[in-house]
Each structure stands twice: as C-alpha cells, then as structure tokens.
C-alpha cells in the first residue's frame, strides 16, 4: 500500500537517508525502530513531503506521491503525527483537533471523528477549551494523536507517540494503535519503546545510519540477537 | 605569551586605522571615512546589545540623541567646554539606559523591538515640543570640538571611539561576559537556570551600548555643528544602526565595521550614480542582503566555515560518540 | 468649561478617525498579529492603496468608495505576489531580519511611487468630503462618516470570515507551526499568500477611505506605520476585532489627549499608552478575543 | 520632470530654450560694477564650461521642493546659455542630492568644495540641511548662496561666505504683524504653527511682535505636521475667539486647516498665513484648499503677478513646460543663477575669494532678477522686499505694501455662511 | 541531619486550576528521589517552583537550610540548584562545548578554566567527541545528555532532572542510568528525577514520591510505591511494572 524505494534525503551537505526501502501492507502495523539519529523521523518527513527527496520514489496505493505537495499527500490519506507533538500552542484543544480535519473529505466526518477522539482520550473533552500550549506533556501528546485521527487517515504514521507519557497512557496508546489497525487503519509506528512496538507490530524494520539494515515480522526481530543487544538493552 | 601574540594583529590594525589621515588627505574621502567610523561605532554599540545579547533594539537613537543634546545644551546654554559635555553625556547615558531597560527588558520578541522604538519616538516628540530647553525643531548650533580646516582631528577622535568599541567587543567575545550575553540571546530561561543573572547582564550590555552611542552622538553633533530632533533622535538613526550590524554580521566582532563600510560607500556611490533612484536601489540592496545573506556578510562566511567543519566531522562517522562510551 | 466645550467635537472626531485607523490596524493584525511578521512596510502598503484609489478616481472616474471593489482585488494580488517573492523567505527569520527586509521593501515602494508620480502632493475632491453634517456644535464630514461605517462593516465581515471559516483556523495554525499545519493537510503556501494578500487589500481599503479626506504623496505612509503596531498591540495580538477597537481607542486617545498636552504631543500619548499596555496588559486591552 | 540626469549639459539644453521673451531678464546689470580682476586676462584660464555646485533635495520627504528648485535652475540655465553663457562660457550644473539630510548635505558640500573646482555652491532646500552645508562651505572658503532655507541662524554663525537671497523666518513674522497693524488693527490673535524649524521660528517672533504691538495672543498652538484631523485643534482655537488667525503651515496642513475650519464654521476676521503653504500655487487650486482658500492672506516672497521684470514671462514659460504655475521656490533658484552670472562676470574669474568679494559687493536693481533686487548686508542677508497677498477669485493678488499692490484687501473676511 | 531540600505545603494555582496542591517532601544529601505521576500531575510545575521559574501560591521551599522562595532562578542556581528541562533547550547557536562552558562560568571567571571543566564534563557524559559541533546538530539523546552536562557544569549540590530518559531507546536509557548512577556515586548531586521510564525510577531511586492531580498520593521506596494500589490505578495501570 505504501512503498518506499531507495529513498535518499540530504540535510544540506549531510546525507541522512542512504536509499531506504520499505513496504507497508494495508491494514498492518509496521514498526520502524532504530537508534537516535538513525533517520526514522527523516523517513516519515520524506513520506509526508515536508523535506525534499534526493533520490528514490514513494508510492501509495500504486501511485507515486513523492511528486505531490504535502497537503495532497494528506488528502490521499497518509497522515503523520509528528515527533515532539508540534501542537498549535495558542489555539485551544478543540481548535487543534478541528485543524486536523481541515481537508474537505475529513471535514464531512468531523463530528463523528471528534466523538471518537474524545472517546479515546476523555481528558481532551475536559480540556477542550484550554490553550494547547498550557497542557502537560502527556496531554499534548494525546491532542497530537487525536489531531492526526481527525484527518481520516488510511495510513497513520506515529513518530514516537509514547514519548513522555505515563506508563498507563503508554499502554493506552499501544491499545489505541491496535484498535486503529482493527478498524482498518494502517499504522506506521516509529518508537523508542522497541520491545513494545515490535510486540504489536505485524512487521518491523530496523534502521541504522540512514539505511534499513534488518526487516522481518515483529516477533522475528524481537528474537534477533543484534536487535536484542542494540535496542532491547538485554 | 600567547595572550601577547593574540594582541599583535589587532593593535597593528588599530595603528593602521589611526594612520589613515597621514596618507589620505583628500577631505571628501576623509569625510566619507569619518562617516564610516561613526556608523562603525554605532553599529558596534548596537551589536553588543543586539548581536551578542540578542536584545533587538530599535530605540538607540535615544542614546545617540542624548549624547548630542547634552553636548549641545551644556555648551550653548551654560558655556561648558564641549569635552565636559561629552563626559556628562556619557554619565547621563547610564541612568537613561537603566531606565529604558527597566521598562523594555520586561518585553520579549517583537514587543521589545516595538517598545524601544516607541520610547525613542516619545523622546523625539518631547524634544520637539520642549523648546525652552532644546529649541525644538529650530535646533542648536553646536561648537566644534576641533577648529581649523582639517578634518583629521575629527577623524582621530571617532577612530579612537570606534577602535575602543570594536576592541571592547573583541574582549567581550573572548570572556565570560561574552558567553553570558550569547547564552541570553539563545535562551533566556536556560540561561537563568544555570546561574546567569539575565537582567543584570542585559543591563550591562545596554549600558555599554548606550555609552558608546552617546559618545558617538556627541561627536556627531559637533561634527555636523548643528542638531535638531529629526537629525539625532529619529527612527532612521536607530534603524541604520541595526542595518549596519546585521548586514555586516551580527554577533561578530568586525561585522558592524564591514557593514558600515559597505553601506556608507554604497550610499555615497548610489547617491552619485542613481540620483532620484538611489534610495530605491538602496532598498533593493537591503532586501537582497537580508534574503541572501541573512547572517550578514561576516556571519555568513563564519557559518559556511562552521558548516564545512561539521560536514567533515559527520563524514568521518562521528554519528553519536556517546553510545560507545557509556555502559 | 472651555474644556467641556471641546469635548463633544473631540469625541466625535476621534471616533470617526478611529474608523479609519481601525482598518489600518486590522490589516496589520493579519500580518503581524496572526502571521507574526513584523511588517514595517504596512504604511507603504497604505500609500500604494491611496495611489491606486487616486488613479481609479482620477483616470477612470470611479467613485472612491466603489473603487475599493477594484483596488481591493488589485492590492490583494499585489500582496500575494510580494508574499511569494519576498515575505515567504523570511516568514521564520528573526524579527530583526523581518524588520529590515520590510524596511527595504518600504523604501522600494515609496521610491518607486516617487519615480512614477513625483513627490507632488495629490488630492481628490469629492462631494462627500464637501458635505458637512452639523449636530449642535459638533461637525462631521460625510466622507468620515461613510469611512467609519465601511470600516466597521469590513472589520466585522473579516472577523466572521476568520472565525467561521476553515481558512481562519488554517491561517492561525500555519502561523503557529507551519510544519504541523502542513502535516494536517493545510496548503500553507496558499494560506500565507492569501493572508498577506488580505492584509494588503485591507491596507488598500484603508487607503481608499483616507484618500478623500486626506492627501497623498510617496512618504504619506510613514505617519501610520508605527501607529498601526500600536493598534494591534492595544487590541491584543492576533485579534482582528481587537485591532479595530485598538484603532478607535488610539484615535480617541489622541483626540482627547490633545486637550491636555496639545496637538504636538498627541502622538506621544499614543506611544505612551502603547508602552503601558505592553507592560501591564500584554494580552491587549480587549482580552483575548481571537481571530 | 527635470529629474533624469542631474548634470545638465549645455548642449542638450540650448536647443529647447527658444523663449526669447524671458531671455533678457537678468541682463540688466551684468557688466555693471567693476570686477576685481581683468576679465580678458583670466578668460584664457577659464575651462570650457563653468561648473556650478548645486545641492538640493531630489529625494526624501521634501523632494517636491527639490523638483521646484531644479525647474527654476533649468529654465535659467537654458536662458543664460542661449544668451552666450557667462564670461563666454556655458554654465553647467553639478547637482548633489541631500535628501534633506544634514549628513548628506555636508558630504555633498565637501565633495563640491574639494572634488570640483566650482566657484560657488547654491543650496539647499531645508534649513536643517542648509545650515551644515553652509558651514562646510565656509570651512573650505567656498561662497555659498542660499535660495530658500529660512531659518534665521543660517546667516548668523559669522560666515563671510554665506549669502541668502530669500527672507528669513523672522521677516515673515514682521511682515504679517506690520500688515495687520496697518490694515486690520486686531485686538486678539491666534497663532497656529507646525512645530518645524520654519514653523516655530516664525511663530515665536510673530507672537513677540504682536504683543509688542498691543495685539493679545489668545491662542498659541503648535502642531505636528501631517495629521489627518485638525478638528480638535481648531475647536480649541475657535473657543478662544480671536480676531485674526495666523497659520504657519506647509501646503498639506494648510489645506486641511482651511477645509476643517469651514466645517467647524470658524469665522475670524482674518485668516493669514506666513507664506509656505498659503502661498503655494496648488493651495488655491481644486487639488488644494480650492474655494476654502478664498480671502486668505499670506506674507510671501514672490508672486507671478509681482512687478519685477521677467516674472510674468517666467511664469508663462514655466506653465508651458511643466503644466503648473511656478512656486516661489522655482523663482528663487532662477534668480540665484542670474545672481551667479552677475557675480562671476564681475569677478571675472572663478577664483573663490574673488567670487566671494563680488558677491559681497552685489548691487542688482529691482529688475535684475525675477525675484527682485539683490544686495546683501554684512551678514550676507539680502534685503528682499516681502509682500502680502490675498486670494481673490482663486488667484493670489498682491495687496500690500501699497507700492506693489495690485488690488485692495477685502476686509473683514466674509463668514463661511455668507459665501456661496 | 538537615535535609538538602525541603518543600512544605507547596501549592501552585493557574487561575482556578491547582497544578500543585499541598505537596511536602524532602531530599537528603546524596539521595535520589524520583517524582512520578500521570501526565499533568504537576511534576514539571514542582520543578519550576523549586528552580524559581514559577512562584508558589503557597508553601515554603528550603534549600540547604535557607528559605529560597523569593530568590530568582539564577540565584538558586548559584546556590547549588541545577536543573534540566523536559523539553530540551540547548543554546542552538553555540557549540556543544560552549553550551557547557556557559554553565561552568557559574563557578569561575576564567575562560581557560571553564573550557577545561566543560571538557571534563563532556567526557563524563560521553559527548567530548562532538564538542565543537553546534548543539543544534545533536539528536534527542544527545541533547538530553547535553542538558545534564550543562547543569552539572554549574557544580550543583542538587540537580533536578525532568524526564532525562524520555525518548531514548532502552539501550540509551541504560547509558543514561549509568550516567546518573555515577552522579549519585560521586555524591556531588542528589538527583530528583521526574520519570515515566519506570526502569530508571526503579533502578536509581532511593525514594519515590507520587503525584496525582497536583497532590501527593504516595511516597516510599520504589518497591513500596509500585505496589501501592492508588499508584497502580492512577499511574501504572493494570499489571504492575515487573521489569525492575
């Protein structure tokens, strides 16, 4: 459904991605793991077209999307919840969520989407009219995920969604990821929480220094010696 | 030892600058050089506060005007020796800057910029209206610091001011104060958290900056031999100070010098070359400079050098040294 | 008693002038308040709006107020062009760089106007500006009255547009985090261009309202640049209605204040209020009515 | 306009100066008084063209006046060169723009004084720029002619090199008060002035002279120029109920002040201006105050109907070229160039000291220039006779002093409601 | 022995909302205290109160025996209170070395000394290989280390660490634990970590304080706290964290 072939990305003189290839199957949870700075976020940014490619191609549902503008990618249903939340701090929680359903297609289903987000995160309903910038870290993460869901994604890319969340919320997030998959939404998950993310993933990719170095089912990777040593802190 | 060595080049440069009138006798060019030095001093003053400490003021005409008016008023109303007037201007710059600081340092970002602009504008309007002291728009004829036809003494005076200002910046950059100024520029909260008295250091930067501006203002008044509020207290003065520093490279020792040289020469050249269109060309140049050299001339060069070094380091595979160290 | 006698006229004068100020402030509220671009060329935009109106009235014989329907779109497009070519590149630059760039832009606009139109003062005379309505001792110029109501209408319309429309929300989102807005499917290029175009169109509208009662020359905008910032800050950053109220407040402060400090220092009153508000009520006088 | 290139070469200009009518305007005294040196001997040392230094405001907020200056120069230049130039050589202008900024003016003066061999400099427009330029010229001992700048102090810093042909601000004040005492004898007066150099340095002596003459000054209000709304100010002045209102204002404010005075139905016996806006051609036209300008008086330096020889012809030529009536600024620079011609011919050389000497000895009769007689006192100030005009039927008519008057003043001013 | 830090009845209201309410605890010299709690419980607010970035609505903060309620943040830093920020805030335009040097200037006026001290600390945290790169080039893990290094450079007696291991992968978390343990061992700084990564809480803390809705709901050893039903319900959820 989503396929990256030999994607390369440069930041100025520095190459961050060296020809990454990966495939995300429809309806699957795909985990992308790797050390800090490996290039995971860069990969997601490349897919969302907020940084230019230096080489390679990205296809979604068989069509190239690496030639589109970022908003067109979202319109196709490829939605990202960025690393570090990136909320609109001077807008309320509700307004943040509304921006999530900015595109016409998502706008039509706005009311039900909002219901669903509030059901996932009841706390957000309580805080609907608080400015997002004054929320606690965890609350902000909830808004970020909720905002992504408002866009009616076919593929939801989550960049470190559990970062800074209390264990109880982390569990919730992982539960939500599973539920999303069960509802037919494809999830591309980038996580430091390697064990947990591989545990729920149908498929996993390991990224190191800008290259995909390993792939397999989540279970395979969990049992891989290299992965154990480098990422699971065994 | 190495301290002494470090000083050789700057001292030679300073001597060379001071020797210029011995070589260039043409009064027109000497006049242009004086203007360059005036703007070097002002840009450097601005740079200490704006470039290093990151407080982007558009109200420095207040200090410039204070220096100019103190000299003018004490000399014409009380018959003071102009040198005494300059000294008083320096003294007064301290309380004025602390007062302005006590108001504006509570503002952040664009509000600080606008706040400084507004205060300077209020001062200009008051100077226009307070005719019993300032003569209002009629202005004041200011006695010359140096008699005679030669511009050389003027040159030496302002060259000395500029050298002190640039030298001070050089010293600041190499010392704790400089690090502290920069830390405040980069992030005030973090700076507080590691023990930096941000208000104190911002005031320090402002006072230094104000004093240099005031001396230059006093000099300028005497050099023009005539001042009125729109000359020394107006927004264009404040703007030009910032332009000089930013085009040259803010937060660099010689940036304002480079900026002043380029801009004064450009303005002289354009005025001769483009006649009515010269301000249009100047505006275009200013826009181009900001768009294509956002860090200023020196800033961009320095950044290029740094980037190259970073690229080299990255190429050698220093992705994340830390991981290999611990555990 | 003498003061009391002046009061009604000053109140009315201030209020009517306030309508004009409001439009100037509202245009900047979009660019500075919402997009966070410290635009010192707003005065020059006003000037461009005035010359456009002048040309429409003098060469095409249009009514100055109907002319807004023509000059508005012209300035809108011009604003979009300026955004595309110039402003876009400094949207996230430091405030000082934005200031200097827009100062450069302003110099370019002003001096282009001078080359095109010479520095001559120009004026259009309309029957509106000749018509005076007197109520008791208070006199009102019809042109001011029309301007005032047009300004109110435009402000209200814009407010509703920003509040009700998807565009308004997208615009605010874009100004707060452009990458995140992109990720939510906002076409940020268009949003920013449109917003800047709107800001300039509003300056143009203000210019159209000002032309019949004032006069124009290339540097005319200088009188209004810093004032526009005052209005935006008085009203609370990012608030369009606030900026409009800020405009009225400023005009009233100037016109009432000069009873006490004289005409010469009336602008100083404005700046003084400005500083006080920044210090003690940084969220603006009118709360945080957003959009 | 005349703007394209600022150094006017005689070749290009001589072709267009077919206006023989005004060509003789300055010829009256040209060979009159005795030059210090022998013309024929120095003639050999003369360059092909005689360059004259000009400083004015081509850009900036006063660019309009720089333009008026240039137009006056241009016409005079073409006339003089068409009539054979000066000392047998064509004149050439080297124009420097100061944008009304003092530092530019200094730089320009410095450049002209040291980079060129100009025998003298004429400049500039604004007083703020003219004063330091005059001082710079003095430093380099270059004669400096002031055509327009009115601040009194320009001739008061003890320079032997500065010569001003226009009247200083204080004379606007004395002219106004003398006229009022002669014709109106008011009891009370309001003075409303812009807080610029010209505004304050005219208003201040006007107040003193008025009070000395027994007129009570019931309102004395400074204002910041360029405001869109003067009603609060006029309301205040109206409340003081003065017999006479003196406005010291430039065109823009003058226009709004009159317009809004009508709107407020403010009816003093006399509206009088101290030159500037109240004696600018645009003021009486539709794009200025138009009808609202009617009956206003003004002290002025020059009018197109003034009796000085060549003034009318100049005005005609000017209108033909530029489509507008000349302001006195253009007349001043036109006359300045004829003064230069006279001075250089008397000096017989381009030596600056000789030229200064010749300037000091100038004695040009009333018909020598379109701006009237030229004779400088020991401070270098020309005793320029000032006039008072009144707008009658949309035209400036000289009404005082009687020797120059073309009509009698209409007094008192009809109220706004009495006018149709 | 007198506590190094002692807060009593600490309370902070934002408008009507109490972010922290009546919280009291103490930290002894050389002790590692962890503050945990659900998102929005008030942990960062407690840090901001202690380090002086917010002023308390009520309550007292005593550091080394002195009441510091009215001191400015920099004054507290100079008295030996170091902190890091949850949302890392390096000086992006300065090199990594310079970032740390600025911290070191709290104790010296000499550039040479500050540089030497900074290098020593960079080595300690394992960043010395990148000393001359701009701080903005660091990834999150690097920035977290830099935060710690810069705070350490001020030679604190107590260091407040706000989520220094969030966003790190398990291996990196282990490295961070090792680093923090060395801090504790050196006895120079007592650490009060605000952590969601339970691994860190469990292995490092001497004692744990749990906040919920701004109020203290439990305190004790890590073992005691993770078995506290209130904590499980509010913070850990379901099964108890077993990876101790």
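Each chain gets a letter, A, B, C, D and E, in the order it is written, and its residues are counted from 1.
Throughout what follows, a residue touches a chain if its C-beta (ideal position, glycine included) is under 8 Å from a C-beta of that chain, and two chains touch if they have at least 3 such contacts.
For each chain, UniProt lists the protein as follows: A = Branched-chain amino acid transport system ATP-binding protein; B, C = Branched-chain amino acid transport system permease protein; E = ABC-type branched-subunit amino acid transport system ATPase component.
As the structure is a computational prediction, the values presented were derived from the model and not from experiment.
Enquirer: How short can a path of touching chains from chain C to chain D be, counted in steps?
Expert: Minimum step count, chain C to chain D: 1.
Enquirer: Measuring between Cα centroids, which chain is at the maximum distance from chain B?
Expert: A
Enquirer: More contacting C-beta pairs: B-E or A-C?
Expert: By number of C-beta pairs in contact, B-E is the larger.
Enquirer: Please identify which chain has its centre, taken as the mean of its CA atoms, farthest from the centre of chain E.
Expert: With centres defined by C-alpha atoms, farthest from chain E sits D.
Enquirer: Between chain C and chain E, tell me the centre distance in angstrom, where each centre is the average of that chain's C-alpha atoms.
Expert: Inter-chain centre distance comes to 48 Å.
Enquirer: Could you give the separation in Å between the centres of chain D and chain E, each centre being the mean of its C-alpha atoms?
Expert: Centre-to-centre distance between chain D and chain E: 76 Å.
Enquirer: Based only on mean CA positions, could you tell me how far chain B sits from chain C in angstrom?
Expert: 32
Enquirer: Going by the touch rule set out above, which residues of chain D reach two or more other chains?
Expert: Answer for chain D, listing residues that touch two or more other chains: 3, 59-60, 63, 195, 222, 224.
Enquirer: By the touch rule stated above, which residues of chain B touch at least two different other chains?
Expert: 125, 128-129, 276, 279, 310, 320, 323
Enquirer: Going by the contact rule already set, what residues in chain A reach two or more other chains?
Expert: Correct list: 35-37.
Enquirer: Residue numbers of chain C touching chain A in their complex, please.
Expert: Going through chain C, the ones touching chain A are 166, 169-170, 172-173, 176-177, 179-189, 238.
Enquirer: Where on chain A does chain C make contact in their complex?
Expert: Residues in contact with chain C: 48, 50, 69-71, 74-75, 79-82, 86-91, 95-96, 98-100, 102-103, 106-107, 147, 151.
Enquirer: How about chain B: which of its residues touch chain E in the complex?
Expert: 174-176, 179-180, 182-183, 185-187, 189-198, 306, 309-310, 313, 318, 320-327
Enquirer: Can you tell me which positions in chain C touch chain B when the two form their complex?
Expert: It is residues 32, 36, 38, 86, 89-90, 93-97, 99-101, 103-108, 110-112, 114-115, 226, 229-230, 233, 262, 264-265, 267-268, 271-272, 274-275, 278-279, 282 of chain C that touch chain B.
Enquirer: Sort out for me which residues of chain D touch chain C in the complex.
Expert: Those in contact with chain C are residues 1, 3, 59-64, 66-67, 195, 221-224, 226-233, 235-236, 239, 251-252, 255-256, 259, 262-265, 282, 286-288, 290.
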